[in-house]
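Here subunit A shows up in two complexes: once beside subunit B, once beside subunit C.
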Partner chain A sequence: MPQLDLKTQGLRLINSTLQNATPDTESRDWTVSNPMGQHAIACGLDKELNVTVDGNVGFYCAGMNQKADVTIKGHAGVGVAENMMSGTVRVTGNASQAAGATAHGGLLVIEGDASSRCGISMKGVDIVVGGSVGHMSGFMAQMGHMVICGDAGEALGDSIYEAILYVAGTVESLGADCIEKPMTPEHEETLKALLTRAGIDKDVSSFRRYGSARKLYNFNVDHAGEY
Partner chain B sequence: MCGIVGLYLKNEALYPQLGALFKPMLIEMTSRGPDSAGVAIYRNPVPEGQVKFSLAHDRSDYPWSALADSLAEALSCTTTITQKDTHAILVTDADEKTVQLWLSEQTPDVRVVGRGNSVEIFKETGLPEEVYARFDLEAAEGRHMIGHTRMATESAVTTAGSHPFATGADLCLVHNGSLSNHNRLREELKRKGVTFSTENDSEVAAAYLTWKLQQGVSLKDALEQALDDLDGFYTFCIGTGNGFAVLRDPIACKHAVLAETDDWVAMATEYRAIATLPGAEKARIWEPRPATVYAWGAETLEGLSQNDGELLSAGAA
Partner chain C sequence: MDENIPRVTPRQSATFDEYTMSEIRRAASTGIYDIRGAGAKRALPHFDDLLFLGASISRYPLEGYRERCGTDVVLGARNASKPLELKIPITIAGMSFGSLSGQAKEALGRGANAAGTSTTTGDGGMTPEERGHSKLLVYQYLPSRYGMNPDDLRKADAIEIVVGQGAKPGGGGMLMGQKINDRVASMRSLPKGIDQRSACRHPDWTGPDDLEIKILELREITNWEKPIYIKVGGSRPYYDTALAVKAGADVIVLDGMQGGTAATQNVFIEHVGLPTLACIRPAVQALQDLDMHRKVQLIVSGGIRNGADVAKAMALGADAVSIGSAALIAMGDNDPRYEDEYNKLGTTAGAYDSWHLGHDPAGITTQEPELAERLDPVAAGRRLSNYLQVMTLEAQTIARACGKNHLHNLEPEDLCALTMEAAAMAKVPLAGTSWVPGQTPL
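And now, the complex of A and B:
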């Protein structure tokens, strides 16, 4: 398996090597050692690679990811997997703010906790958090699913559109226009499939579902108090 | 933008390496703050009955020993002075307020940037690496240090506008963020007698804490009251005689990360500043919650509420 060392090779060489890798003719599996909390590691990948980053990363790791499976063995800084299109990004530790921001597709798994604004403006990504999320998570979330196995901080799902949020623990408060909705057998199936894909063993019956009350889609003076 | 860092050594065996361990932390934050840098280091506590001042002047050839001699003669006291580039550390057995008054009258162009039992504050414009070298900090020994790299947004790039800002005996503040109500708060504090030396928003935060502490409010309570009275974005790191405290604004707008091992506690705007510390990969790492005061050397946090100064001045301790 090809090994890249960020300390000796530097970020630009590592990223261009990964971006130009040809998984059909050479190795599909890559390792990046000594990430040292640097930013934008393994960004903009668009081929079916398996990249393991061995340690804690800085901001925007695996941003804009397409097709690749990126595993961060450690903690991730702000905006991990931001604007991801497809593929999988897994963080074995905790993630900082705005994990999965604006991401359109793929699966983001955070085995530990995520900080505030997790899934902000998500547009179709599936996010599974093994622990808890901070305040303002799911802010303006448009599409996709966010599964929170622990607790959610203040103002969950504020100004949410059509994303679906599942929370097993307690919700400190719901944001504007976010309401609890009933869990149907279809939702349980979806949730079970998400947990299986994420490799997290958790009883689906412990989850509640939250989504949009759809009162803020268009301005209506009767709803002014909701803003 | 700005970067802030703090390091508190739990393992005494590391004290001789404090300056060397702290150096890459500060330098890693250069991209967040390339225009000035500063540190507060807590070392060489003076015996009871003495006080340590951190002084600064625009010129690095300022005649510090002449100042020390004049002070000794005028106040019939002992003085020792050690120059570090544009700064000097003055230790004296004279009364603290009398010294401050004498300095402000006799040497108005000398700035008092810190005072206390152990704190020494050094700050200058320039790249963090250059600033660190100017003050000969790599070889520094001690227990804890906080630092700041500045990218000015609210006021001029000057030494006086650099951080840390002293807020009382052995207390100082570094700030990442910007305050939106600093003009109004500055006017309110001026009416209460606080003087200011810059238009800097962070100086207002320091002045606010100074003033609260002088009213007998504990540091912990002062920080909690700051949550109501300061409007804007901030992560603060507050150096104390025994450690440091960290506070983020209620929406946690500015980044911050904390890490702890058996040997040290560190805080930084970004993890990459912590990554060079020994054992960082195995450290307990977490993001401080918004509107929550974290402190090390915490058993002394309440004790640090005592502030005896009547000279209400933020930048000038």
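And now, the complex of A and C:
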């Protein structure tokens, strides 16, 4: 397995090596050692690689990921997997703010907790958080699913569009236009599949579902106070 | 009433004028603020308040049409390996597919190509047609990130991180449900027909330190090839410019409050931000203080209408200007030939600003196919390129008269101001005096 050392090789060389890797002729499996909390590690990947980052990372690790499977063995800074299009990003520790922000596709797994604004403006990604999420998570969430195995902070799903949120623990408060919705067998199946993909063993019956009341989709003066 | 007593003429209130009272009645009727397109319509200190001095005994002019006056500009060489090389210093501002028809976007690309300049995407992402018809395309990176994807990022010739715009510094965007057809909805990952609100802040960075890291990420994803622009609305131009430079910008786009928008609250457009004229000198001062003037390029936008405006902006220190509303007018927006249809919409040619509703008779700010088909992209593109050419010729005419062999050589010393306000904002002397308010003693 090719090993890259951020400490000795530097960010530009590490990223360009991964971005230009040819998995059909080279190894698919890469390791990045000594990440030292640096920013923008393994961003912009667009091939079917398996990249393991061995330690804590700074902002925007695996940003705009396409096709690659990136595992961060540690904690992640702001905006991990931001605007991800496909592939998988896994954080074995905790994630800072705006994890999976605006991501269009793929799977983001945070085994620990995620800070505020997890899944902000998500556009189709699936996010599974093993622990809890901070305030304003799912803000303006457009599409996709967010599974929260722990608790959710205040204003969950504020101004949410069509994304679906599942929470096993407590919800401190719901944001504007976010409501609890019934769990149907179809939703339980979807949730079960998400947890299986994430490798998290959790009873689906403990979850509740949240989504948009769709009252703010077109401006209505009678709802002006909710904006 | 005694007809022998002279009566005073009925007097309208200057405070509660006809427009103000109509707005109060509209608000009372609907319960919602007025939303419209375009930029500030109120009278503001502007480039018309400046004059060029021209050559004299102490400065000799260049011969018109004979002695060369350069117009080219290179944008983004500070950090990008592939800076943009434009033939003229007038770019096309960011306007989205969604707010504009596909035909209008194509026409913008065609016109820009012919003139040797760049055009810019808008909220909602990049369309294949737009990329295909624009030789040089700047890809906007907006808070909403609608349609944002790394493939388009790599296809772009430059990236413009939009922090704000002149029509609404501090505000997000909105695209009303009427204009959200299937394609626009799909590009934005939202249901058809709903009002689409664009966030006013970026979702994953806050402040200049974070922005620096965001720029690093964008450069890493695009192999450090693309110039990175930062667009700000005219608000605190000195500090915004300084912070953008600190964050690593290659180009700063500074948009004054006359700059247009597709849809924003009228109260926002008219009451928030700075006039374009007031923005330029503080931004240039920040660049000079950091020894970055001409190294980080400054593009000024907001109410640029003719070659004189171009020359004045550049004399004040801009490297280039950008046009949006003027480009739409050149293509046919608000054309009197549609007067009957404007009347049916309750307005008149020249005042039509309901761009958000999508009923544009000119086929520009619409997603209705039968209206959009009215705009011939080839003919509209030609009109735009003609207009860009005229602006360039006009600016060259002025520059030669000032003895300058390149538009970039224009300088504040070439200017005077007609009003104290303009003199203070532009930091040039009041006409016929050596007095610069706030700078020199009376």
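Everything that follows uses one rule, which is that the second predicted complex is superposed on the first by the 227 of 227 C-alpha atoms of A that agree within 3 Å, B and C clash if a C-alpha of one lies under 4 Å from a C-alpha of the other, contacts with A are read in each partner's own complex, and residues count from 1 in each chain.
Here is the rule we use: contacts are C-beta pairs under 8 Å (C-beta built on N, C-alpha and C of every residue); 3 or more make two chains touch, one makes a residue touch a chain.
Just so it is clear, the structure is predicted and the values come from calculations on it, not from any experiment.
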| item | value |
| --- | --- |
| First, second, both or neither for A:G93, with subunit B first and subunit C second | first |
| Touched partner set for A:F59, first subunit B, second subunit C, both or neither | both |
| Touched partner set for A:G124, first subunit B, second subunit C, both or neither | second |
| First (subunit B), second (subunit C), both or neither touched by A:T102 | second |
| First, second, both or neither for A:G37, with subunit B first and subunit C second | first |
| Chain touching more of subunit A, residue-wise (subunit B, subunit C) | C |
| Touching partner for A:H135 - first (subunit B), second (subunit C), both, neither | first |
| Partner chain in contact with A:T25 - subunit B first, subunit C second, else both or neither | neither |
| Partner chain in contact with A:S205 - subunit B first, subunit C second, else both or neither | neither |
| Contacts of A:G79 with subunit B and subunit C, given as first, second, both or neither | second |
| Contact residues of subunit A, present in both the subunit B and the subunit C interface | 39, 58-59, 78, 97 |
| Subunit B residues within the subunit A interface of the complex | 251-252, 255, 257, 270-276, 280-281, 285-287, 289-290 |
| Subunit C residues touching subunit A - in the complex, by the definition given at the top | 30-32, 144-145, 148-151, 153, 177, 188-191, 193-195, 197, 199, 203-205, 210, 213-214, 216-217, 220-224 |
| Subunit C-touching residues of subunit A, taken from the complex the two chains share | 11-12, 15-16, 19, 39-40, 43-44, 46, 58-60, 63-64, 66, 78-79, 82-83, 85, 97-98, 101-102, 104, 117, 120-121, 123-124, 139-140, 142-143, 159, 161-162, 217-219, 221, 224 |
| For the subunit A and subunit B complex, residues of the former touching the latter | 36-39, 55-56, 58-59, 74-75, 77-78, 93-94, 96-97, 115-116, 134-136 |
